[in-house]
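One structure, as structure tokens, below. Some questions next.
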Amino acid sequence: MQDNKPDVKESLERVGVAGLKTIVMTNWKGRRYNFVPEIDLTLDLDKERKGVHMSRLVESITECIECEVVIRHGSLEAVERDILDMLRKRHPFNNAEISMKTDIVIPKKTPVTEKTTMEAYGVEVKLMLDKGEYRKKLKVSVVGNTVCPHAMNNCEGKTHVQRAVGILEIETSYENEIDLEDMVDCVEDAFPSRVYTLLKSEDEKHIIEKMFKNPKFVEDVTRGILNNAKKRFGNAKVRAKTISEESIHRHNVVAEGSCDV
Amino acid sequence: MQDNKPDVKESLERVGVAGLKTIVMTNWKGRRYNFVPEIDLTLDLDKERKGVHMSRLVESITECIECEVVIRHGSLEAVERDILDMLRKRHPFNNAEISMKTDIVIPKKTPVTEKTTMEAYGVEVKLMLDKGEYRKKLKVSVVGNTVCPHAMNNCEGKTHVQRAVGILEIETSYENEIDLEDMVDCVEDAFPSRVYTLLKSEDEKHIIEKMFKNPKFVEDVTRGILNNAKKRFGNAKVRAKTISEESIHRHNVVAEGSCDV
Amino acid sequence: MQDNKPDVKESLERVGVAGLKTIVMTNWKGRRYNFVPEIDLTLDLDKERKGVHMSRLVESITECIECEVVIRHGSLEAVERDILDMLRKRHPFNNAEISMKTDIVIPKKTPVTEKTTMEAYGVEVKLMLDKGEYRKKLKVSVVGNTVCPHAMNNCEGKTHVQRAVGILEIETSYENEIDLEDMVDCVEDAFPSRVYTLLKSEDEKHIIEKMFKNPKFVEDVTRGILNNAKKRFGNAKVRAKTISEESIHRHNVVAEGSCDV
Amino acid sequence: MQDNKPDVKESLERVGVAGLKTIVMTNWKGRRYNFVPEIDLTLDLDKERKGVHMSRLVESITECIECEVVIRHGSLEAVERDILDMLRKRHPFNNAEISMKTDIVIPKKTPVTEKTTMEAYGVEVKLMLDKGEYRKKLKVSVVGNTVCPHAMNNCEGKTHVQRAVGILEIETSYENEIDLEDMVDCVEDAFPSRVYTLLKSEDEKHIIEKMFKNPKFVEDVTRGILNNAKKRFGNAKVRAKTISEESIHRHNVVAEGSCDV
């Protein structure tokens, strides 16, 4: 049925499965990670074919991750590359994309008391096969804050502070090795201060003093992320966005920019 | 089919439709409101009946709100009462519940420059018919902020500030007239400061100074909401909750309490 | 402060407010609409300027919609154009964008019993000012269904059916008048059958028979939307996506395509 | 500051942290699980105390899960019990609650071709310490489907089918050992058919035939869940809910019930 001619002859860009959850394990530089990502896997469809054989997409995912006694993959993009390579043997396509959206938890130390604290970050790793070439898009989403420099100036040192989310997206070749933790650092270093799950009173005091010495608009944070990415990475397209959940408004303020590095 | 005996004889507490969207209009004390609420409507089901005739629930809603040339209802609970009364003629039940979840937009003035600003609040109005008696639950969800008194003390007047959401829920008889705008006031007055969609520099300065003079934990805000509701309303069960979206943590902090008034 | 030079000199593409809710009214061909949309409004920022004056963006919105005794705008894009025109007098920019995301409720008749039923659709209207030229992006999101032709063939006429969401996006000039209701029709006509809020037994029977005579993959629905848009609209870029919430899987299947019309 | 007297003297029921994400590992009957749950941890607050020392709540969590070389806990409720026991040494309270919300992935076999397929379920495990006694609430959320028996009867064997979500909640003593996988089975067995991530054509045919032989209203599914729980578990309060994402409507239909077992 899927191989029949369709009634309407239009080629489609992305056909496949979305929101599929499963277990994925990686071994990144000696540290083992377990994920339950949401996976999207799509391919293009010729205008002469009615449909995609969806079960072959799912099989390419499940066979690739199944029963891993030895963890074979160093990164999420390496898992994805295996899935796309396996799919190519099962189903015709010109272009295909796979993305995995998950949380990564990194142990850190609190700034003054140096206690261990676990910090969670949203990540998305997408691999695209376009005319035989692999490109990847890596994205991290990091919680921090903004501290309004305008109000600080206007109110003798007092100001409004709020939670903000900084997002960094890097598009580059498959081969360009980029550590998600380095991307997280680029975002965290652009905020007035990093935030932590655990903070004792001394840590809290340290952070608040840092924030008030270092006030930043949402625009400053986005520019800082771009600048940090420029120093750290190469041969890539970089996009940054910051969303500030204003404490004096019901709405958010946002700043978005991009550059080549 | 619905009137058959079911295979498993268990009575059910709530059977019906959920997430139904439609237009509802009210005329509350001379001011006209247009809503597109999400409606849930459920009734109980006897253990001897297989199913509910769902289309009769939908008909009770649509006929009640259809083609209103003259707006007949003063409040959302009045619309709901008409729907339950209409349903009673169509379908047997002992208990039934209907709720409408929507936004209400109220024009306000900015605190210093006195410009008009439109402020949106989440509201939910639920009517329950339990053994022939109507009870209602009114809920408002209001954006504000918290300002940490502990950090202010610990950091020579500097502190962390963040957006917070205050929720007030009142359960009372159908007849007890309660204005959603008064409920919104109870919550807004419990924050270190109200927030506004529009703020010119002078307004912003005023608000920040108010916030720093009036630091509050999430616990203080919740207690303030309860206290304001005690002064304003009677013959009701009151529940309050505040969620503070911490600017120095990835997680939120919360405080919840209740009392009879 | 905003007019100072920033520490990092990067131009930004989109800086502004997001998720602002307010009341917007339109009069589209004699029928009055009341909306509470979520509004995003952003403009680009030169690399020599530290920040955007956010309150001027909010003022452009509030003054444009405030106290409308006579409803002056025929469409959401007309409201948006007025806001961008007002913003231009207040704040420098090269490019700006405004979008409104809301629900539209349209009265329809059930297919057999011809009862009135109210149907809600998600819409998003975006206006972009790029080098002095206005372009708009209109988007509708419509609930329908898919009926698997492969399973129908494989199981002697039985098959899996499920809710699906069809999305149509049209990018065109400001002047190209396009009715959101026509866009909704393009999507609804591409499903195996339309869905309705109210359905009496005869209506339900009619719809199910139509669905089983007209089985469609998610790919067929997307192609149908593109084809319907081709017949109805001109001078536009069209994008369609269908998301099928599979009743035999935990995940969704999707199909996405685009064409010029 | 937290130990001061508050301005408003109201005791609060639940004060604490919400939405905290971290890594939790368990070893349930020899099988190792890694989770990144969302954790809520709250305690009650006396009316004479201004605030809770929030960092002590976070410390109780982080110290309990930190650096587990040997996995010490068999279940999520065992982790939670350790956290509450640790919290009791750090902070006064009468009542406290902790919940963890996460995904659990279970390997299964497809029904005909017997291929391995990974299936994800939403789970929530809550432990409550109330007057010195531990009670737990276990909840699973499972995707399945409904198949309308009324339409099948009315349309000569054709009917509308749709995705549904079944929820089972069990409240019992801490000591009553209940396997989340058994709870998942109770829900899956109540649907017209289980659903699978991977389905080859023969599996799909098997499932569709099973669905059409076994049509069920949302009411039937909820009653089935209650009945399955009655047979499997004891000394508990059971609650079940089913949400059917109708393929012929924009809205959902729901059925909810409870019983003691």
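Letters A, B, C and D mark the chains as written, and numbering starts fresh at 1 in each.
Quick note on the criterion: a residue touches a chain if its C-beta (ideal position, glycine included) is under 8 Å from a C-beta of that chain, and two chains touch if they have at least 3 such contacts.
Here the structure is a predicted model, which means the values were calculated and not measured.
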Longest centre-to-centre distance from chain D, chain (CA-based): C
Of A-D and C-D, pair with higher C-beta contact tally: C-D
Inter-centroid spacing, chain D versus chain A (mean Cα positions, whole Å): 28
Inter-centroid spacing, chain D versus chain C (mean Cα positions, whole Å): 35
Per-residue overlap in chain D, given as positions that touch at least 2 other chains: 20-21, 120, 150, 197, 199, 201, 250-251
Residues of chain B defined as touching chain D within the complex: 1-2, 6-21, 40, 42, 45, 50-52, 54, 149-150, 153, 217-220, 222-224, 226-227, 243, 250-259
Residue ranges of chain C touching chain D (in the complex, touch as defined): 119-120, 143, 145, 150-151, 154-155, 157-163, 193, 195-197, 199, 201, 204-205, 207-209, 211-212, 245-251
Residues on chain B engaged by chain C in the complex (per definition of touch): 20-23, 34, 36, 55, 58-59, 62, 65-67, 103, 105, 115-118, 120, 197-201
